[in-house]
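Presented below are the structures under discussion, each in the form of structure tokens.
Both complexes below contain subunit A, partnered by subunit B and then by subunit C.
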Partner chain A sequence: MTFIAEIVYMLSAFTLLSAFFILLQPFIRSMIRGIVVQSVLIGLISFIMAYYLSSIDFVLLGILVIVLRGFLVSYLLERQLKKHSSLFRESTYGIPSTILMAIVVAIVGSFIVYFYVFYNLIVTVTIGTTSILLFAFMMMFLGIYIILSRKNTMTQIIGYVEEENSMVLMSIFLIPVPFIVEVTVFLDVITLVLIASVVAKEKLEHVELQELRG
Partner chain B sequence: MIASNFAKGELEVSIDVTLLVETLIQLFTVLLLSPLFIGISNRLKAIVESRRGPSIFQPYYDLMKLFRKQSLVSKSAGSVFVYAPYVAFAIYCLISLVIPVVLPQPVYFTATVDFFGGALLFGLAGFIKMLAAMDSGSNFTALGTARVASFSIFAEGTLILVFFAVALITTTINPYVTNAFLVANPSAYLTLAHISAAAAFLMLFIFESGRLPVESTGLMELGMVDDALSYEYSGKLLAINKWGSYIKQYLLGAVLLNVFLIPWGLQTGVLGALIDIPIMFVKWLALIVALVIIETSFAKMRLFKIQDYLSIAFALSLLFLILSLVAT
Partner chain C sequence: MIDANVLVYLLIVLPLIAEVAYLFKSLPKITILSASLVVALAIYLHTELPIAGTFYLTSITWVFVLMVSSVYLLSSIYSYSYFNHRLSNKALNNYYALVNLFVASMLFGLVINNYGLMWVGIEATTITSALLIMTDKTPVSLEVTWRYIIIVSVGLVFAFISIILIYYHFNTLTVSQILSTGNRNSELVLVAVAIALVGIGTKIGIFPMHTWLPDAHSEAPAPVSALFSGVLLPTALYVLYMIYQIDPPTTLFIIFAIATIVFASIFLSYQKNYKRMFAYSSMENMGMALLGVAIGGYGLIGAIIVLFAHSFGKAGAFYSSGNILHTFETKEMSSINGLFNNMKTTSSALLLSSFAVTGVPPFGVFVGEFLIFAQLFAMHLYVELGIVLFFVMLAFISINYNVSKIVFGEGNESIHEKEGMLKIIPLSAAIISLLIGVVLILVMA
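Here is the complex of A and B:
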């Protein structure tokens, strides 16, 4: 493995660790800061890929990730947080059970996707081996797990943003997606965060069981 | 090797003297030096905290004092309680011959078990200690056993998974080959899986040796974990138990040093075995300094946070075990 590939692997591992950090935080402000760190890491990976593939698209992508995902989205979320002091902290189920369940979901999910879907396809990745996609898969499932396990609307938005981050990571490693597609996805996410913030104003907690009760 | 020749009608016994000497050096280094490192670490910690501290030979004095004293066994205790310290001590002695703690070369009894066998033997010794504590019939030790059992879920799992990770990196489960492989291949030493396995094992070692962020040793009731198991022991039995736990700390630390942190520098042969003792001593000093820095810069965790800490170590080892499977 080349030196650049090693660095990309290491940064991806840190991205995955930041996903775990976000998952285990009961404080919503720390979760948002985790998202900032994660987006900056993905931006760095994008810059390294720009140097590696000598493509200007990745520089723009990196700037977009850091500015839009890292700072604009987190600014929007933090502004919501100031209005609702009750959103300061969410009660969680404790670290050991959360981490065990999350690992089971992430590993089982990503292995099913990786071995049953990607195994039959001929996938070319831009750096390293195909296994580098596992980082993105695991992050995606961790984002899904945040949405599954939390009731708070803000944390669900954060889980969604993390999922989108994993999509960006995957698109960096896969054959480069046209730049215009990336930009539209970014704009989608910002719109969704805005709309979700409006929803969050109306409904702070989702307790589906109450609605299902006959 | 003992070979008997009955055909000639005479019993011919041949023993490989070199191997025997190496075995004895390895065993007695572990037996005799393990309390010293505890003493050095306690003294250094005291100096950092601007106390005078006990002598570095204090663990030896403690053991000597306890060996002279009488053992008291309560009426409600069974025979497991009495014999378990000896069995656990013997298991730790066996482990010291199985893994490269002093000499990076197989000795007698090395072929008994492999790396996983070593991890399972650690688990067995822990289980026997817990069984003995339950057999004492005291409520207090039962409480300690409950604590140890709930923490061991993650601690033993981490230990076994970390060894799995090393086996996957080096494609062998022979600890001696592992050590040689890591010495020969610095690139394997720097893989993601190895680094995270080292981090997980360091977290585990801090827990098992009762250092400060976790502090499982000490007789403070609210945070008492390991010492609750030996709470009912006294005299000779307590000495054996204590010595066993010193050996356990030495073994885990030696694995941390020789497999994860500094695999280089060990010599082979009889003369090499003698030179290895000061080499291990220097390595241990480096580890002790690092641990004292960690210990004096963190506050103690609450008892219920220990499980969080261990579950993160477990997650780290499991996650990167999976990644090492594919990311190579």
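Here is the complex of A and C:
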């Protein structure tokens, strides 16, 4: 493995660690900081790939991810947080049980996807071996797990951003970034601005409602 | 002679141009004008088919474009009377601004010649339509909006994986280019199409990713439910069909389609809320259309007929539901009966619409379903045919039994029929669905 590939693997591992860090935080502000770190790491991976593949598109993608996902989204979420002190902390189920469930969901899920689907396909990645895709898969499952396990609007948004981040990571490793990935990064920000400014303002907790059964 | 691509541009841009009227607080009337122009343009576009360039329009795309523009027009007119005195002028302008954006994004998703941008169109419909659901701003509608955004967005992220894989394999996302490629068979593409079924299937309401659908359809205002059920689901299904054509995993699609029909029929059989019942009926019809798309041949023609006739029938059902909700202020079916005594037009529209969506002959959905059954029979898929027939019959009985209980009976003397467009539009939508069937039967005969 080349030196650059090793660095990319290391940064991807840190990205995954940030996903676990986000998952275990009961404090929303720490989760937001985690998302900033994660987005900056993905931006860095994108810059390295720009150098490795001599492609200016990756530079643009990196800037977009860092500026929009890392800073704009976190700014918007922090702004909501200031308005609603009830969003400051969310009760979680405790670290050991969360880790256990996350391992079951993320690791088992991504290994099934990887071994039963991608392992049989002839897929060449832009750097390293196909195993690098595992980081993206695990992050995707962790993002989904956050959405499923938390009831707070903010944490669900963070789970969604993490899931989107995993998609960007996967597309970086699979394809020379086409215009569409950049459009997605931009479009998600619009979605999040909408969500954060309209829905989150009026609906902070999500519980079952009698009217919506059946 | 104007270039066909320019006309298609115009089709998408017209609802956006109408937004200028927002500044003058006259958006409702301008939207109705813009919707009429979009319908006229959509009809004219038939003479320019096929179009392949920036946009990709075949005769199948054209049917979907006509469907979207027609329901856009009907909903624009109906909304004007429906929200009159219920929303402030500002709120009404906001509502119409969102409707225009919603329709423009649907039209964009339908006509664009790029899988990635199709996905963008579908994602854009989520953004624009989410705020329409919470027009009433009740706690339930807020919860529903949130569920809709989260579930559909997560689904669409999956669909994005499929787009990445398609790009990875073909090195392009241009629809016409990919569909004209000779050898499209590959395991990777099959995986991409299967992931698209899960991802875009979430937006269509395919079982088990359907959970947002009954909530959103039942809590959205009637004209929005009509747009959701009548045209948003078919638009997503069209995008899925375009991806399916690349390399069809037929069996997988048949399994999901039949599961959708089976579970939707079971769910709708015990509903107490009439809007929720119609929402599950949409799911059942989408399952039927997906089945038609999966089996191809006459099944595909049947699927398109089902979708086209269903869009008007279901719009009629939701418009009449809106009238009923306005009058009785409840969605519980048990609290309403004897509608025909005092609301003759609305109850006729409701009855005709429920006939339309359950496929009573000679409504259009019946013709479509008949073609799908014929194709299943021709392919010797007898077990599948038997299951589908049984559950379609279950849905038919459940819906028509519940609707007849609402329409007939003692009734309440204090209620009055709606006036003007509130009674004309639901009836017109149901009659259009009937006419589609009659014309098709005459043509086939």
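We adopt the following convention: the second predicted complex is superposed on the first by the 197 of 214 C-alpha atoms of A that agree within 3 Å, B and C clash if a C-alpha of one lies under 4 Å from a C-alpha of the other, contacts with A are read in each partner's own complex, and residues count from 1 in each chain.
Keep in mind that, in the parts below, a contact is a pair of C-beta atoms (placed from the backbone, for glycine too) under 8 Å apart; a residue touches a chain by one contact, two chains touch by 3 or more.
It should be emphasised that the depicted structure is a prediction, and the values quoted were computed from it without experimental measurement.
Aligning the two structures on subunit A places subunit B and subunit C side by side, free of any clash. Figure note: vertex subunit A, arms to subunit B and subunit C, all at CA centres after fitting on chain A; angle 140 degrees, rounded to a multiple of 10. In the superposition on chain A, A:112 contacts neither subunit B nor subunit C.
Subunit A is touched at more residues by one of its partners, and among subunit B and subunit C that partner is C.
By the touch criterion stated above, A:190 is placed in contact with subunit C alone, subunit B being left untouched. Once chain A of one complex is fitted onto chain A of the other, the partner contacts of A:63 are absent, as it touches neither subunit B nor subunit C.
Once the two complexes are laid over each other on the shared chain, residue contacts for A:160 go to subunit C alone; subunit B is not touched. Once the two complexes are overlaid on the shared chain, A:9 sits against subunit B while remaining clear of subunit C. Once both complexes are placed on a shared chain A, the shortest Cα to Cα gap between subunit B and subunit C comes to 20 Å.
Once both structures are placed on chain A, no subunit A residue is touched by subunit B and, in the other complex, by subunit C. Those residues of subunit C whose C-beta lies close enough to touch subunit A in the complex are 116-117, 119-120, 123-124, 126-127, 130-131, 134, 137, 139-140, 142-147, 149-150, 153-154, 157, 160-161, 163-165, 167-168, 173, 187-188, 191, 214-215, 219, 267, 270-273, 276. Every residue of subunit A that touches subunit B in the complex is listed here, in rising order: 6, 9-10, 13, 16, 20, 94-96, 99-100, 103, 107, 114, 128-129, 131-132, 134-135, 138.
Within the complex, the subunit B residues that touch subunit A are 154, 190, 192, 196, 307-308, 310-312, 314-315, 318-320, 322-323, 326-327. Within the complex, the subunit A residues that touch subunit C are 117, 120-123, 140, 144, 147, 153, 156, 160, 163-164, 167, 170-171, 174-175, 178-181, 183-184, 187, 190-191, 194-195, 198-199, 202-203, 206, 209, 211-212, 214.
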